[in-house]
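Following are the structures in question.
Next come two complexes built around chain A: one with chain B, the other with chain C.
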Partner chain A sequence: MYKNIKPHYFSIDAIMAAQEKIPCRFIKKVESIGFLDSSIPEKEDDESDPKIELPFWMVKVFLIEKSIQFDMPKAYNEIYRGVLMADANVVDLFKLCKHFYLFGKFLSQLEHREAYEVRKILIQTFIDRFKQTMDWAQNINDNLPCFDRLDCLERLIFNDARVAQQQLNTYLTDGSGQMEIAAMILNYKKRKMNENRILE
Partner chain B sequence: MYCDKVIELLKELERSREDTIPPYNNDGINQVLSEMKTLDTEILDILHKNPRDNLPMDAVRLRRAAIERNKRCLMTYIWTRLQRLKEMRWEIGAILPSDVRQNLSQSEIEWFNNYCKSLVSYMKTIGPDTGLNLTQDTKPPKSLYTEVRSLVDAGKLELESGEVLILRKNSQYMLSRSQAEPLIRQGILEQVRH
Partner chain C sequence: MNIYPAEIEFMAENEIIQIVPTFNHASHVHLICGSYGPFRAGLPLNVPIWVAMNLRQKKTCRILAPDWMALDKLQERLEEEKASKFFTQLPSNYYLEITQMLLTVASEDIPQGNEIKTAVKDLWDLRIAKLRSSVDLFIKEGRVQASLNHLTPMEINSVRPVFPDTLDALMTLHEQINSNDDRDDGSQSSSATPGSASFSLSM
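And now, the complex of A and B:
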């Protein structure tokens, strides 16, 4: 379970998180990259100062030479930090930023004056929301409305918690040693049935 | 912008359910590969055009990062698919349903066959002389025999003793656990609960 959550080289979540956009502006003139800013046509090179949005991994490249300055994206700016601090449970994290924790972690590793605050808010948000996530996972049968509000990492935890809860329930009612149809085949059969119904 | 195509590939994979394998997107992968080649020639161009002591390092670094990222994403695409395929070997067994097989690329089928071979030859080397089937008894057994109900008209089943049993829908049988388990996992039989 842990291996799914920790970002590694082949982790799709980590790749997607590094694809999130960051608002930034160039403070030096940089040659041969004018095409990045598609909103300004017929422009040879990026002049100093126009604001553009670049994905995280590009920003990281430009930070090596310090030719760029970035602001914290919306989900991590001062206003939202205040909201999260006040009550993290009411925020729809998925809408705010799909990979809230992972992207936040990447951001806080960059050199920025607000990095420390971001790091703090990430941990606090997770602690505040964790209890609610577990509560939902263990007690609600029809989970869709609240599931939609969870960030990717929380979804993984939520699903694991649900499976564990179901296993416990089966053990309590049926005891151990029951042999069951493989989950993959069960889903495969359900899909087939559905396809057949559509065909008819 | 750079890497958009490869991100599309990964999104396609992410959107699909975890227990399925979407069709292998050969076109998409070729497009990404050609993007990487273009990037490479662009880097060489920049290096040739500019004097050695005044290189636009940011431009070069950006393209290099894009190549690295494309590579990482492509490898992730293949790796994720292989992980799912591997799981299928354990869940479904060595024979894949035909619509899964259709979605695989040639090298993926080769990989799957090799994986099956390695698994079988490993299982032969462990345990008492005939080897040990690792896919059996994934949960600790409580009895040697178990009562099962057939869910489909599956036809003939040859028992370990040599007898032949004909499985009919909705009838119940007493089978040895080791023989019933793979059939239960495939959804042909169902264990009768008391």
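And now, the complex of A and C:
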């Protein structure tokens, strides 16, 4: 419980989310960085087709120098925002973007004219989907088909809810069962017996 | 950390219940939770549930069902719960656990055991449904304060794993709106965020 919903420096989820690609175009000439990624064409020669996809962390660096412009990725563009606004429950978020909320949060921190809309849609989507997530976690036994549609953040919550629900169900059907002796006490008893034997 | 249902049952075991012993024991029994006794065959006395269950399993006593554990009383509660929009105060904070424990150990001592079990389960289902819809409403409307009275520990525990994390996630999403969006119209930033949300669940 109280999972790290807030990403920290070493959060794998945050690192993965920062790897998501963003479509962007260079507005300035940037030299000698082509070696970083073979899929990036050499900027020096390639003025004609400047539209490429770069991971978020790289875009962030270029944005500081104001040498790049980016568009909102597919999951956050106007069309998908409309879909999410209409009914967030039917969207397969995991397919759309594995780290929908985290990546969306990163994106909305960048300077972009749609950033505010993205922020709003993140919150709205989360709220709209919450009841469904909770219902699935607490009611459906065979959870796989719906679990696939949850984003990573929702999965965290889903898993927690599920484990607790299963404990409760087990309790309701089977009762609490026998208490077990803590391992520490068992070991202690063994040690005592051993000591007594040595003394004798 | 989550609390296991079994741990809540453990807390419930300290509730007091009446038994009729079938043996004599003149002096008091001194326990951490209090002193109980003397035990006289045929005379009812109060003991914690765990003592009662232990004695019952050795067949040295008969358990008297608590007052509320009668079919008509439970039906009454059920009706009251149905009629009320809020949670009603129940006679015991551990109604589910106590019913479960007593019916497992001493089902012969309790008249209409099966019906009681169903009635208690109905009551539980009704209250859980209410709790879930309040939680959902709370999240959906982005409220900042709510208070639910007369919840039992087991019921609170059923939302415990979901609720704080959900609020946490929402708060994280909200955070930047307030910090980065000074340029926006005041309508958004003036609305309170769930970051300051308080949801008090009390028994």
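Going forward, the second predicted complex is superposed on the first by the 153 of 200 C-alpha atoms of A that agree within 3 Å, B and C clash if a C-alpha of one lies under 4 Å from a C-alpha of the other, contacts with A are read in each partner's own complex, and residues count from 1 in each chain.
As a convention for this text, a contact is a pair of C-beta atoms (placed from the backbone, for glycine too) under 8 Å apart; a residue touches a chain by one contact, two chains touch by 3 or more.
Since the structure is predicted, the reported quantities are computational estimates derived from the model, not experimental observations.
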Next item on the list: With the two complexes superposed on chain A, say which partner A:A161 touches: chain B (first), chain C (second), both, or neither.
Entry: second
Next item on the list: Scan A:I123 for contacts with chain B and chain C and give back first, second, both or neither.
Entry: second
Next item on the list: Considering only touches as defined above, state whether A:Y171 meets chain B (first), chain C (second), both or neither.
Entry: second
Check: Of the two partner chains, chain B (first) and chain C (second), which one does A:N89 touch, if any: first, second, both, or neither?
Finding: neither
Next item on the list: Please indicate which partner A:A137 is in contact with in the superposed arrangement: first for chain B, second for chain C, both, or neither.
Entry: second
Notebook entry, point to check: Does chain B (first) or chain C (second) touch A:K105, or do both, or does neither?
Noted result: second
Margin query: Output the chain A positions appearing in both contact lists, the one against chain B and the one against chain C.
Written below: 176-177
Checklist line | Complex contact set, residues of chain C against chain A | finding: 1-2, 4-6, 9-10, 100-101, 104, 132, 135-136, 139-140, 142, 154, 157-158, 160-162, 164-166, 168-170, 172-174, 176-177, 180-181, 184, 188
Item checked: Residues of chain A that touch chain C when the two form their complex -> 1-3, 5-6, 101, 105, 108-109, 116, 119-120, 122-123, 126-128, 130-131, 134, 137-138, 153, 156-157, 160-161, 163-165, 167-168, 170-172, 175-177
Checklist line | chain B-touching residues of chain A, taken from the complex the two chains share | finding: 9-12, 15-16, 19, 30-33, 36, 38, 55, 57-58, 60-62, 64-65, 67, 174, 176-189, 191
Next item on the list: Note which residues of chain B are touching chain A in the complex, please.
Entry: 1-3, 7, 10-11, 13-14, 17, 19-20, 46, 56-59, 61-62, 65, 69, 72-73, 75-76, 79-80, 87-88, 91-92, 97, 139-143, 146, 177, 180-181, 184-187, 190-191, 193
